[in-house]
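Order of writing sets the chain letters: A, B, C, D and E. Residues in each chain are counted from 1.
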Amino acid sequence: MDFSSSDKDLWKQIYNTKDLLHCFNCSTCLSGCPASHGDPPLLVRNLARMVVYGLEEDLLNDDTPWACVSCSRCEEMCPMDVKPFEMILAIRRWQTLNDETRVPTAIVEIYKRGYTQSVGTNTELRKSLGLPELQTITKMPEMLKLYQEMLMKTPVVSENDYMFNEE
Amino acid sequence: MAEKKPTGTVLVAGAGVSGIKAAIELAEIGYKVLLTDASPQIGGILAKLDNQFPTDHCGMCRMLPLVGREYASQYCMRKGLYHENIEILPFTELKSVEGDAGNYTIELLQKARYIDTDKCNGLGECIKVCPVEVGDEFNHGLTKRKAVYKPVPHNTPQMLLIDMAACTKCGECVKVCPTNVINLEAEDELSTRQVHAIILASGVKLYNLEEFEDAKSWAVSPDVVSSLAFERIISGSGTFDGTIKRPSDGKAAKKIAWIQCMGSRNRRQKRDYCSSICCMFALKEAVLAKEKGGDDVETTIFYMDMRTFGKDFYQYYEKAVDEHGVKLIRCRVQGVMLNPDKSLSMRYFDSETQEFFVVDYDMVVLSTGQVPYETHKKLADLLHVAINAQGLLPTDPYEKVKLIKPGMFLCGSLMGLTDLSEAISSGIAAAGQVSRFLSGIDVTLLEEEEIPEPTAKDRDEPLISIVLCKCSEKAKESSVDFNALGAGLKKLNSVGEVNIIDMVCSDEGKQTVLDLLSKSKCNRLLIGACHPFMYRKSLKNLAKKAGFSASLFEIIDLSSIVHKGFFESETKDQTRLAYNEIRAVIENLKLKPALHVETLPINPAALVVGGGIAGMHAAFSLAQRGVKVHLVEKSDTLGGYAGTKIEHTIDGLTPISMAKDLTIKVLEHKHITLYKNCEVVATQGSLGAFETKIRDLAKEENFYLNHGAAIIATGGHEGVTAEYEYGNSDQILTQAELKDGLTTGEIDVGEAETIVMIQCVGSRQKDGREYCSRICCIGAIANALTIKEKNPEARVFILYRDVMTYGFAEQYYTQARLAGIIFVSYSLENKPKVELKDGSPVITFTEPVLNSEMQLSPDYLILSTGVDAEASNRDVGKAFSLPVNGDGFFVEADSKWRPVEFLKVGLYVAGVAHSPMTLKDAILQAEAAAHKTYAYLSGRKIHTAHVISKVHHAICVKCQRCVDICPYGARSYDEVLDRIIVDGATCQACGMCGVACQNNAAEIMGFSDKQIMAVIDARLYRDPVATTAQ
Amino acid sequence: MANFTKLSFKKGELNQKLADLFKGMMEKGVVDALLAPMIQPKRGVMLTLVTDPSLVGAIDPFAPVVPVNGARIASSITGKPSGRKTAMVLRSCEIRALVELCKLKQAHLDDVLLIGMDCLGRYENLDFIKLRAEGQSSEAFIEKALAGNTESGGCDVSGACKICEFPVADNVDLRLCIIGTGSDALYIESLTPKGDKALETAGLGIGEAPAGREAAVQQLVKKRKDACDAAFAQYRESTPSVDALEDRLANCINCYNCRVACPVCYCKECVFVTDTFRHNGDQYMGWADTFGTLKMPTDTIFYHLTRMSHMSLFCVGCGQCTSACPNSIDLMPMFKAVAQKTQARFDYQAGRSHEEKQPLTVFENDELVEVTGQIK
Amino acid sequence: MELCLFLGCNTPAIRPDVERAIRATMPELGVDLADAEGYVCCPAFGSFPSTDDDSYLASSGWNLSIAEAKGLDIMVQCGSCYSSLRMGRDHLAHDEEKLARVNELIELTGRKLECKTKVRHISEILYNEVGAEKISRSIKKNLSGLHGIVQYPCHTLFPSEIVGFEESPREPKALRILTEALGATVDHYSRELQCCGGAGGFSKSSPAEATEFAKTKLDAIIEETKADFIVVSCITCLMYLDNIQKKLNEVEGTDKYHIPVFDYNQLLALCMEFDPRQVASICTVPRNKVIDKIMAG
Amino acid sequence: MSEFEPKIVGFFCNWCTFTAADLAGTSRLSYPHNIKIIRMMCSGMVDPKYVIKAFLNGADGVLIGGCWPGDCHYINGNLKARRRVAMLTEILKEYGIDEKRFWLRWIAASEGTMLREVVNEMTAKLKELGPSPLNRETPGKKTPGNETPEKVNPEKVKMIG
């Protein structure tokens, strides 16, 4: 691989923070990361390195950022305060921004009913447990409208509005 | 009459090695020293370490003075320090400092020990009965101690104390104390003292597992220990008699892992520095673990950069890895998990295979570093100074040991983070600064008590006077019948008289003895008392006053007969044991020759070879103290490499202008004579009287200089290389060339897109410079930062093996990364490859994180070629017959304990001639070397020791085996005289010559065959207890 | 490569030939002086230093006697070099001792043309004189000895010679060869440039090695080696213990002749005759006390053991000690046996080469670990 | 005190018995709960936080503003809801631009956000506001004789300076102390701080590994402790540790994995003698043994 | 009848083993009284004469204690000692003095425990071997030099203080 082909400013697009530059590849983030047990493993340290080097291609095609369990252990342990979890989210965002297939289906569901799953519809069960009716947004159409209207004003949703509008 | 000037008095606060060293150095030249330590004992951390690399053993005794050594302690430093000019105040804190330069009033708070250690016999009856048990901090809680305890279990004499925090005041100890010296109501004592100068040597706090958050993910088992605790575990005097067992269950530990950078190099925990010492520490412990635990012990070190930057460190590192098979893994691990079987599981990522591994260990050792700052803040307030930007005490920019406040100095870890040899040099340097300072104010030195040697009576038939102190009779174990003993001895041939008195050590006691002896007819004297090494000198003087030749005088340690385990026998008949012991000494004393110390003729002039900054600094430091200096420089300009080539350094120093100022000082000083274009050809003589032949290269003629001592400061220069296509392209430069180009502007990086630097070019490898040049990483970073300043868009890659930004230099490494400089590590086995594509360099290397081949086509390729020794070192070495190592640097007497000395007394080394080092370190060494020199040229009398080797010319056949075998080069064959000559100052009476010489033409006076064989006889007079079984 | 000069001689003219040879050498200025065994006016053969060429006639190097080990003589002549070029004709045992003395700076060979001679053994001094009186010539001895028989008239060569593996001398410039050269010829072999030059100046041509020599030498060496092993075996048989040692030394009277005769005991004055061993009455009493009895004179075994510790590493087994003992204590086997052991321990061999350092003058950091058997 | 209960989705939808337990127990301890009508997804890290700031923070803002309107702090049980909300709030609290932007976005709700509302985790409330000692006083039954182990939700530990409330994130103790307050013996075990394996994309992208992950944890529990139950304070841990055991038994072909899992408030509720059928009814690993023991005790 | 108690002469280096002996003493690690310590400045100072003499005087064993390699206060005295011991052992062996009677050991100042172990080990070994062939003591015989000084009436000795 030749560095001349890599984009030296990529890190600024993805995770424009001095925190990233602090990284000295000590591997602390790796050793305790749950998702690093995955197949393929999530290798936070390597991702950080790829961002610094500006290896656009490889980064774009890398699925591992999405395997993160968001436990933020790396964040706690990183001796250089690189905030790796923040970086992972940043990579995900950059990927979605540059590749619509990365757009998580979850946000469509949330757009549609306010949650990733239907909430409060299990009325019978709740009754049997002596629970009250739950005022979820799903049950407040005009509220939900407002919510959707709001989301439409945000970049990824508006960019990919077709995913949301078609019935 | 004019009032007497006060004796120069110095406070040394902190009795770790650096403090002790400073104290000894000052005491030796005749200043009074108060040596305090906040802890109940002296010795600092070193008291806990039985082993230091590179020898893996102690050798602490090597820091004792060499000339007139009987008067300094002849004993292992672990037993304590005895010097008449040093007042040791353990368990004492510096409370306040008032007044100004040369006249300080200090308050000392001596904490209560609750035990009068002067009277305590140190046998610890009290300990036996004390009901309270707490963790013993000396063994890091691995063992238990009582509320009344011995702070350092293996010290003699023992300095017991009571830990009031734990004490229940049950009073049991008071009841059993045979010497009743326990006072549970004792109180701390605040005292006020006047001192003229202050040396701070209180060291820094050590990172500990209890206190710091990031250690908590490791605190899962007692088998996870700090590196210092591990020292105690492997220590012979430690927790498991030196065998390696894991604390949890005492099982032998076969798999041990070391975790580097615990508490260091951690921005998140606000500790963005490197502790410098831990890497070597871990290597050493890993090697020891194998040596003590056997080859089946597996040792692994988890590290980021192996910072083996010091002299001979790299060879040690190679040895550890190649010979001892210490495993190194470059990975920082989050924590450790405890397995049901008590083993410790660690998961790490291996970049080469890009795989995770989970390994179980029996023990995990955390390389816990030093924690500065806290200590510094407190001290700064005490001294009414402000801590500097780095959070350290504000010192002179160039002189690390010199506080900005006049009359105040510091040494040891307080300066930053130091290893052993630097601690020692700094101790000497601080002492030097003090003596420079005190020579400028109105104080005097302690008068050496000069008692004329009485005329020797050894030609007369030996007649021995014996004085026995029966104070030990009081000890509970004692069953010595002094009357019987005395009577028995009296019967012995050549025993003139036996006197038994009480408390010889007390002043009345001494007086009694003096009166007795003045009347005595005897010509030899034997005194039996306790712990003789504590007051050998005072008793010796007493003997002299009474007309006994100091060399015809012996002291025997009676207490040991009463107390020491190894004299015990079934019969418990101490009277007989004492009788036999004393009889052996008598046999020896009978045959002792009368010895005389010679006063060496000292020419109070020094020769300094090399006019670099180190050389000039040393010269000036000496001249300031009135010593005449010959400064010899082989070029026609002063300043050396740093002083002529380096405009400014990353830490804001400006060597060139500094050198200019220093040059003026040197040229103007009336005591310094400069010889430019001159080099040393040959030298002869010994301490006090060297004669050196100098060659004037310009005039092409020789002349001679006479001097009492010499300092070698020949320096070094940037290394050269043919590697990486150097010389074949104008885009390939050395760091120095780049630095020049950048300052002069000849090199314009404004347009540059990519610049690559390669570290360790030709360094740290068997077939090259087998050492780390120490300054290249920081140098490279400095250059890289300059490039980034000039052109932030430029991409700078630094290909390194280990980033050697040790200590606070770590901040520059961080700073560099922040500036976007990219660091990529490579291994010796897999160096980057450079080839020229139409004149321009193309670099191929393996990127270790992603483990993939990478390529760069930079505008510039910069090579860090390290530091080379001056080629002339070999000739200078020959001229002074001083050893030069394979890399062309001078070999000091002892890498840890005598860093600036040579084995031959009177010759010293400073600066890069010793090994590559930073400017500040070179100046530090120069100061130290200057002081060692001054100590002999200061004008005070220098005596040879009593016990040195002599030649019986009448029977000497000049086979010169003694010359070859003498480790100090103290013996030589003088062809003109056709004789073997002994340099009395250099001779250390090790006795090698005596053994090598088959007919005793070479003999250690006072250790003659006759004496020793007589002792053997005495030892083997039949002992009724031992009888052959039938 | 061979570098020999043949010197044929008629029966009875060997010494004459040699005399001419050295006369020539001295006249041609190859050397200024000659040290060689010479027949003495009255009786016996002694090393003699000759500076007048006309007086070399008495030379008789092959006379089977060595009254004094020549190394001592060479040492006294060259210890303080005279600057005069000297040829020295010596035997292997003398030269090996000389090598050690050089290392001990007791001799210097810069001005010496060292000439070694094949040695078939020596008789004890008195035996030799007796045999001479009976008319035995050196040539006769050589012939007999080469035939394998050294015994004659009830006398035999010394025990040391019987077990000496070095009939041929090394570390020499020239060698006088008589083993395997045929009864009518002596060969001079040159081993060094110095030797070559000497032969050249002496006007002696250069030729091939005598055909049978190598084999003959090897055979002799083998014979001696076997004899040596046998002797040691037998000796160790007899002296396995302190008791046996004491028996052996029972008659020692501390005359120190053995060390005076020993070529490598180079001390001016032995430590045992210095003050160190001058004791007081009460010391003797003390020792007597220890075991109840004390054999006088004391320090006999002490002396011999100490001497061993001093010289066993240099011992060349010349047997002069045995010859020197007035109470006919056979010391040679004791010393040679020990020497064999101690020298083997350091893979050292006294007199083998000038380059080998004497074991106790050098040391390595990580050698002989078995001594303490400790690893840190 | 009164707090605004943020339920998230899993609890009300899948484990409403936990919601019941919370609603039942907290008032008993003096913590009254208000509902967050019209709240939306927290939002889950896998959703808006992974696409862009606007949508992420707008959603956080949406939820926060509901509580702020009531002048109440938010109490959350679900770990990821807690950490998403808390981080979202953290961003807004420290970045006025972002806050302004969010206010633009949520303007249409007529609500305004000043970030006064705090986001707090239920175990922190129990630990700091209520306190172990008050809890032990308020229970009628207890867990004496029972052994348990605790599962700390990663989301309440890391990064400590944002979400943490323990003295040391590396040595958390709140949940242990709270459980001991119920009279149970809480056993230590080697894998205590290991992630449950349930969260986020991991269990989806590499199910096998995630299962293995949980296995090592459960094996350690079985091997090293006498645990009769597992206590959690995060709905994800609850569901995952409960469900995975059945799956493990199938995979391994054993039935060794059967340690019942409770949310802390469920145990609390049981000790307060609420009807088990209401507060602890939904589970894969049967809970009766433990429940009977409590009821009997 | 008492069991055979071997006599060991210990030539101890002042800087390491001698200190270790002190240390062992002060740490109350009692060891057999069999060892008779003679202080040397360095193990390299031990002349073969001394060892030979010790044996001739009836010592059953000789122990030389020196500093670990690389640790010698006099740079390399211990290494020279090691060679000498090797040489001397060969000589003693030839004359029936078992090498098991003549030990060189590295014992650092801090290794009091090790010293004790070494001495114990050596004592045990010598008890196995029995008395040295040179130890000619006839048991029970009273030795003038050495009886315990008998009780005397204080008046006989000048007493002060």
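Just so we're on the same page, a contact is a pair of C-beta atoms (placed from the backbone, for glycine too) under 8 Å apart; a residue touches a chain by one contact, two chains touch by 3 or more.
Keep in mind it's a predicted model, so treat the numbers as computed, not measured.
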Exercise for the section: Output the touching-based chain groups remaining when chain B is disregarded and all other chains stay put. Expected result: A, D | C, E
Exercise for the section: Based on which chains touch which, give the shortest step count from chain A to chain E. Expected result: 2
Fill in the blank from the handout: Most heavily contacting pair of chains is B-E
Handout entry: Chain whose average C-alpha position is farthest from chain C's own
Key = D
Fill in the blank from the handout: Distance in whole angstrom between the CA centres of chain B and chain D is 57
Practice task
Could you grab the centroid distance between chain A and chain D? Build each centroid from C-alpha atoms only and quote it in angstrom.
Solution key: 21
Handout entry: Centre-of-Cα separation between chain E and chain C, whole angstrom
Key = 40
Handout entry: Residues of chain D touching at least two other chains
Key = 169
Practice task
For chain C, write out the residues touching at least two other chains, lowest number first.
Solution key: 271, 286-287, 289-290, 310, 360, 376
Problem - Per-residue multi-chain contacts in chain E, two or more chains - result: 48-49, 53, 57-58, 68, 70, 76, 80, 84, 137, 141, 143, 145-146
Practice task
All pairs of touching chains, please: list them by chain label.
Solution key: A-B, A-D, B-C, B-D, B-E, C-E
Handout entry: Interface residues, chain D side, partner chain A - complex
Key = 7, 9-10, 12-13, 16-17, 19-20, 23, 35, 37-41, 43-52, 54-55, 58-59, 62, 80, 83, 105-106, 108-109, 154-155, 157-160, 163, 169, 195, 197, 199-203, 205-206, 208-210, 212-213, 278-279, 281
Fill in the blank from the handout: So, in the complex, the side of chain E touching chain B is made of residues 1-7, 9, 14-16, 19, 21-31, 33-38, 40-42, 44-50, 53-54, 57-59, 67-68, 70-71, 73-77, 80, 84, 108-114, 119, 130-131, 135, 137, 139-143, 145-154, 156-161
Handout entry: Contacting residues of chain C [partner chain E, same complex]
Key = 239-245, 271, 286-287, 289-292, 301-302, 305-306, 308-310, 312-313, 337-338, 341-342, 345-346, 359-360, 363-368, 371-372, 374, 376
Handout entry: Touching residues (chain side chain A, partner chain D) in the complex
Key = 34-35, 37-39, 42, 63, 66-73, 75-76, 83, 85, 89, 92-93, 96-97, 103-104, 106-107, 110, 114-122, 125-126, 128-132, 134-137, 140, 143, 146-147, 149-151, 153-157
Fill in the blank from the handout: Counting only contacts in the complex, chain E reaches chain C at residues 48-49, 52-53, 56-58, 68-70, 76, 79-80, 82-91, 93-97, 103-106, 133-134, 136-138, 141, 143-146
